[in-house]
Amino acid sequence: MEKDIREDIAWAQINKDVLKSLESPRRIYWVILLIAIAMVGVAVGCEIYQYQTGMGVANKNNSHVWSLYIATFIFWIGMSHSGTLLSAILHLMHADWRKPIYRFAEAMTTFSLMTAGLFVMVHLGRLWQVYYVMPYPNERWAWPNFQSPLVWDMFAIATYLSSSVLFLYVGMIPDLAICRDNIHAGWRKKLYTIMSLGWEGTDRQWRNFRMTYLTIACFLIPLAVSVHSIVASDFAMSNMPGWHVTSFPPYFVAGALYSGCAAIITLFIILRYVFRFEEYMTLPIMRKLVRLTFAIAMVWTYLNLIEFASVWYGHDQTAKDQLIFKATGPYAPYFWAMIFFGSILPLMLAFKRFQTHLPILFVVSILLNVGMWLERWMIISPSFAHGHYPWAWDHDQWPSLIQWGMVFGSFGWFTLLFMVFCKVFPSVSMYEVKEMVYHRSLAQKHKPAVKGDY
Amino acid sequence: MYSFLRLSVLLVGLVVSAGSYAVKAAQPLTTADDLGPNVEQPFEFPHDRHAGDAADGGMEINCMYCHTYARRSIVAGIPPVQKCVGCHQNIESVREAPRIKKLFEYWDAKKAIPWKKVHDLPDFVRFNHERHIQRFVFAQGKPVQEACGYCHGDVKKMTVARRQKPLSMGWCRSCHMKDHRIDATSTKTSQGPNDCWQCHK
Amino acid sequence: MIENGFNRRNFLKVLGWGGATVALSGCGNTSVEDGREFVTSYAETADYIIPSIGTYFNSTCAQCDAGCGIMGRVREGRVLKLEGNPESPINNGKMCGLGQAGVQAHYNPDRIREPLLRNGDRGEAITWEKALELINEKVGSVNPENVAFLTGVVSGHVKALLNNYLDALGSGHHYVYEAVAPSVVRASNKKAYGVEMPRLSMDKAKVIVSFGADFLGAWVSPVHFSQQYARFRKPDNGERGVLVQVESKMTLTGANADRWLAIRPGTEGILALGLINSLAAAGLPVSEDVAAAVGEYTSDRVSKDTGVSAEHIAKLAALLKERSPSLVIAGSAAEGYAHGSQNAAAIALLNQVLGNVGQTVEAPSSVPFPQMAPSTGNSFALQSLSDDMAQDKVKVLFSYGANPVFTAPAFFKLKENLKKVPFKVVFAHYMDETAVEADLVLPLNSAMEDWATLMPEYIAEGAQLNIRQPLMEKMYPGTLGVGDILLAMLKQRRPDEYNDYEDFYSYLRSAMVSNKDALGGADKDDDTFWETALSHGVVKLVGEPVNMTGSMSAAALVVPAPFAEDATYPLHLIPAVSASMRDGRNANEPWLQESPDPLTTIVWDSWVEMHPKTAAKLGIVEGDIVEVASKSGAIKAQAYLFPGIHPDVVSVPLGYGHEAMGRYAKGVGSNAFSILDPVFDNETGELAMHETRVKVTKAGQRVIIVKDEGPAGGSQMGRRIALRIPSNKVNLSEEV
Amino acid sequence: MSITNLLENWSDFRHQHPSEDRPHLEYKWAMSIDLDSCTGCNACSVACYAENNLPVVGKEKFAHGHSHHWMRIERYWDNDGREFADQGAQFLPMLCQHCESAPCETVCPVGATNHTADGLNSQVYNRCVGSRYCNANCPYKVRYFNWYDYPTTDNVWPAPMEQQLNPDVTVRGKGVMEKCTFCVQRLTVAKSDARTEGRLVLDGEVQTACQQVCPTGAITFGNLVDPLAKVGKQWMQQQVDLNKDKQAKDAAEDAVKLRGYRILEELRTYPSVMYLEQLRESAI
């Protein structure tokens, strides 16, 4: 049985290794950061242009009113789910291998939610009136429409985002205290001092901390499932052929976990290299992660097939036409690419030799996410192109460069936030890695028969 | 486990107290006065002199004598110069007053006086004077100045009219949600319409 | 209260629109904005003017010559919308899209705003005094023989003034030109029935067979015919009329037919004679000479010549025999050939044989004031003018209501001939192709600012004189009505007679009032009569029905055999007259450009319609830019495949391809007028519009056609959207 | 509006149409369009441009599908396999169907589109935030979005063209959804006038712009509640029930058919526009 991490690392060494990531990453870090900033610049430029000129520059039209913005919105929402999976669900299940990687996964959750939120804004025709969606007693005496899935979205995302931020922060408090104690001057010292909330590591503090952390974790899990179910209901509640599918909520949740796991693999590899975390983000952990991804991929494939089958054998001819159109019409290349990247490619992950082959995993994980992004696009665009009303069909609509620019820039935005986070906060949970080292070595020495009993 | 409960109780308590505050909190901008800016007009028109009480030196002219369209159009209308002159050509006593001289200048040039709007609703709003006058003045028998005053304030005490009420959507709705008697004799009441397209166009 | 005479004209002056502002900021988060905008107010006003409530004034539409009555909605001094005048028997309160767009002619940003005198390549703004002085000088300096007027259809008092001016000159020529007009049908009607435009009672007919007459789209008086059509389709007794359309390219009327018969171009006359033959064979009594004349047109032969199946000929003959009265109409598709007159005569003969004359083809009423009756135009007139210009016979040319440089085929060489005319005056709304060539451009009032009386060619009941009156104050002080200009020109020639009239309005009023007895106002005083006439917008006159005296000799009727194949130019070109574009004079009204063509749903461009079979043969797919070349020229346009066209035919809509005129018209599409061949009707000398033979070749490019139709085309993809049911399955008489 | 108020009126805040508990008492505006009379001439469409301040977007934007025709004429062929469309075309004027159970209404996040007491599907432009969810959910695709700022930056009404704009209808800026309103500005005026006189609007007293202009009178519009209204009589005679998603008559095997139907009725949108099937003579 291979070990997740070496168990003879000294606690002080852990502190040193992790704190080093706050000080001096490899030079590639700065390259990534600069590229990310440039990408954000593209998106900001596109948005300014679109805001001033009107949504028309995105090249959507009256029958095809949604496009990449909503597709990418769902993509980012989906990506946020794996952080919760790793940090909350696996926490409750005592899967200890999560400990070195959950912190950055949780950060990924938070930042991809922030990115997703931006797409809602970018998508709105009148961004300056976005506050109409929020329910608050106002001088217009008007409420939003509580029946609309978009309002549910707003609630769900806002709740999920605030909970995720809280969860990320609370889980970080002991580590922030370590940082506070190890850094001696500068703005960071002040930052960590304030943020660690006077953490001293007393028994009482640890007891309260554990309880709080557990509470939020319990709270977060149903939330995560509900968020993507609600996003799915944006579509499932509609009458559009191709959207009006009962299995959408679990399908969306599975897709979300899938793309999130793939993204964690990608980021795992990047962080491992950039911040020299080889000791902590180890190949055995990667192997477990890959197996998890593979399992989810198969669940997703299954749900996908269920959706096709229910449409195919259902009596709704319009939805069936829609499916045939997807598979044979102008969107066919993307549709089949989605099937390939989403269902065929992950079969590779079943083979042991690929499970720890980082360069291959890096490429594959990105392709899996491409597939997941295509999935979202294939939900949105073909339905608009080939809906209920043949006169309004539009097979030629192609997103403009503005839309592509915004999608492109969103990756920069995410990367920027994420990279800044990793530089400012410990992206590996020091205290929990210490737990791994500590209790395992203890178990080895004193209670070899009992495992994981803490 | 107690601490787990403690946190939950705390959170629930927070939500409940915030909610109950919001439930009971007074709503903003319902009946409050909200004085508009002073509007510079081509020349000063003394509403107090025309519509004011006789005791205060006013003429007690009915609002609808000049704003004659109010009962049959969505706008109350500004009287044509013709109407001002109709009376003033026979009122020698003030003929030489600077304002009246100005009036006659416009009249002689056959030019409309460029009055500025004092109560200017956004372009997507349709406020129908006719409906309100029909309801409050003709059906309920309210005095004209009172009915007009619901929205325009006590114009008979002003010279140049100035906005008194907020004229916001919530302000409109605060009145529309009240029960009003349907006419002067009946005890039956009804509310103003609560339908977007009644006021939005 | 001040008492003052408050008539229409004062009202217009008082209600200047300068004070009324239009807010363009629609739905920003605008809160209450005090003291920024001005209140609409007046110096003096009439009782019926209530702010925010529209007032309606009746007038007459100027978008085409059908003479529909319109009712302009006026608010705060601006005309906002045109609606149909319910009192006009022509349109009974209804309108077409073209008429609706009249407000866009009025508010058009490309209108000319002051008189322009040529100075090199530029037009230089001058005053009206100077312009009129210049006209006086130029007209005075040439022989009256060398003065020519080119106009579109004119009628009413403008026509009277124009004739008086020509009179005053002592000579001068008046050429009346209509680019697309049923002039061959007029001539053959005159021959067959004794009147150019008999009254058609479609609502009385049980079957209508229309040989290419697009009476629902652009033929003669479409709004009126549409109303008749509605009653024809759904009469009170529930017996739904049957419409059969015979043509080579589907028109809007064809698209509404129960059976649309694609006929080989030019063989309409053969089909008509074949139908007579079939009817005679089925026992319909026909005179001997007719029977002799049609004897050789057996069903088989006709079917072979025309491409219409024998089955359909038999069914159609049976239908015509069974359901009487019927109505047969000859339209532009039948008349547009060298043998157009013969075709039209054959079709008229069919009407006669069926006994429709007097039943559904009725006599119109005589016009009490012939001097005001419309002078209808044709292309022959333009040809004569062009020839005269080529021979330097024209020294001063006035052009009004026509845009000949745009509508004349290239072989006319009109533009070159125009250059030989030393002084050209163009009365214009826009700097159109003809105005660009002018030496002096006189800007006209829009129809919403102008006074006129008009008499339409096709009047639904009795006789009527339409009144056009201003709906609002003039937009630009520098424009004048055509009547005012003519009056000013007449004052130069006959000052004694006309100096009493301050302007055209006073002339018009006095002319009308002095004739009020004949105009049905005998019992009214002058003012009442005038005000009544204005408020109704039409003056209905009592006219005696004229006699339909025509006679038709079947013996003289010869219809030539179908066209021989032409190897170089294998296809026939049908220049299509669309309901909104017509001859292109309204092309600068954006509503019309954006209103999809009903059949192809194409907007903002011209196109080449062809049958999918033809396209397949030529290797053309939808959106290919193709070159349509005739002996006289070539144009390029996008190809559109269309199941409503004969495979031997391609069709290009007219009215597009302006090189001037304004921002909405210029450069949109290509001008199909320009490639028409010089072929003329044998009898009338009219340009045979459908005689042009063309070849179509791919020009290499391909575009995505801008149209409303989506990728599903005209298919409903099996969904229940637009449904259709055989008429014998429903009981119309029970319907509400 | 306080939260108390929201809670008290929760059930009123949204209710499903068609519903027994909330019948239309005074007005239920409805339309019927006779496809046999419709000639596809486009007059209604232009009238709508004139009445409702629709922007002309120009060729390029039309090509991108940004056109605004609240009333659009669709043209279908049924010449399946035959050489010519020899029974003519099928024209279909398509406008907002003012569904009683409108899919667009439930999904708007801000409640910019609502059902009025008169059975109209309202669209409040200044409330719209431009999420376009309503259009996504509209089976008929009759909602049109302002992709650009037509009045200002796009200068669709260059001076003096803006003088033609109807002051009773808002000029929409960029980013809002719009659609056919059944000419609500005319309905409001007619209702107000009738109310001043203490009565209901009479049949024929108010016309929509498209109905008014239609040369063949194919469009009938009126109050379905009014027993004297032609539109109600038509619906009754055609046995089309507003509140049913399947009409009993469609199942009947009669030799004589009724030709009233509603488009995509099976989606349970309960449209307020009834179409009458086009007829074709079988003897020719």
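So that you can tell them apart, the chains are marked A, B, C and D in the order they are listed, and the count of residues begins at 1 in each.
Here, contacts are C-beta pairs under 8 Å (C-beta built on N, C-alpha and C of every residue); 3 or more make two chains touch, one makes a residue touch a chain.
Bear in mind the structure is a predicted one, so any value in this text is a computation, not a measurement.
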Centre-most chain by CA centroid is D
Most heavily contacting chain pair (counted by C-beta pairs in contact): C-D
Chain centre separation in whole Å, for subunit D relative to subunit B (CA means): 35
How many Å are there between the centre of subunit B and the centre of subunit C, using C-alpha atoms for each centre? 53
Which integer distance in Å separates the CA centroid of subunit C from that of subunit D? 32
On a C-alpha centroid basis, what's the spacing between subunit A and subunit C, in Å? 65
Any chance you could list the residues of subunit C touching two or more other chains? 23, 25-30, 52, 704, 709, 715-716, 719, 721
Among the residues of subunit B, pick out those that touch two or more other chains and give their numbers. 22, 25, 27, 72, 122-124, 166, 168, 170, 173
Where in subunit A do residues touch two or more other chains at once? 63, 129, 137, 141-142, 388-389, 391-392, 394
Contact set on subunit C toward subunit B in their complex: 1-2, 14, 19, 23, 25-28, 30-45, 50-53
Listed in rising order, the residues of subunit D that touch subunit A in the complex are 1-3, 6, 13-14, 61, 64-67, 72, 74, 94, 103, 106-111, 127-133, 135-137, 139-141, 143-149, 153, 174-177, 264, 267
Once bound in the complex, which stretches of subunit B touch subunit D? 19, 22-25, 27, 72, 122-124, 126, 128, 130-131, 134, 170, 173, 177, 193, 195-198, 200-201
Given the complex, residues on subunit A that touch subunit D span 52-56, 59-66, 123-127, 129-130, 132-133, 137, 141-151, 154, 234, 237-240, 384, 387-389, 391-392, 394, 397
Subunit D to subunit B touching residues, read off their complex: 1-5, 7, 114, 116-117, 120, 122, 124-127, 168-171, 181, 184-185, 188, 192, 195-196
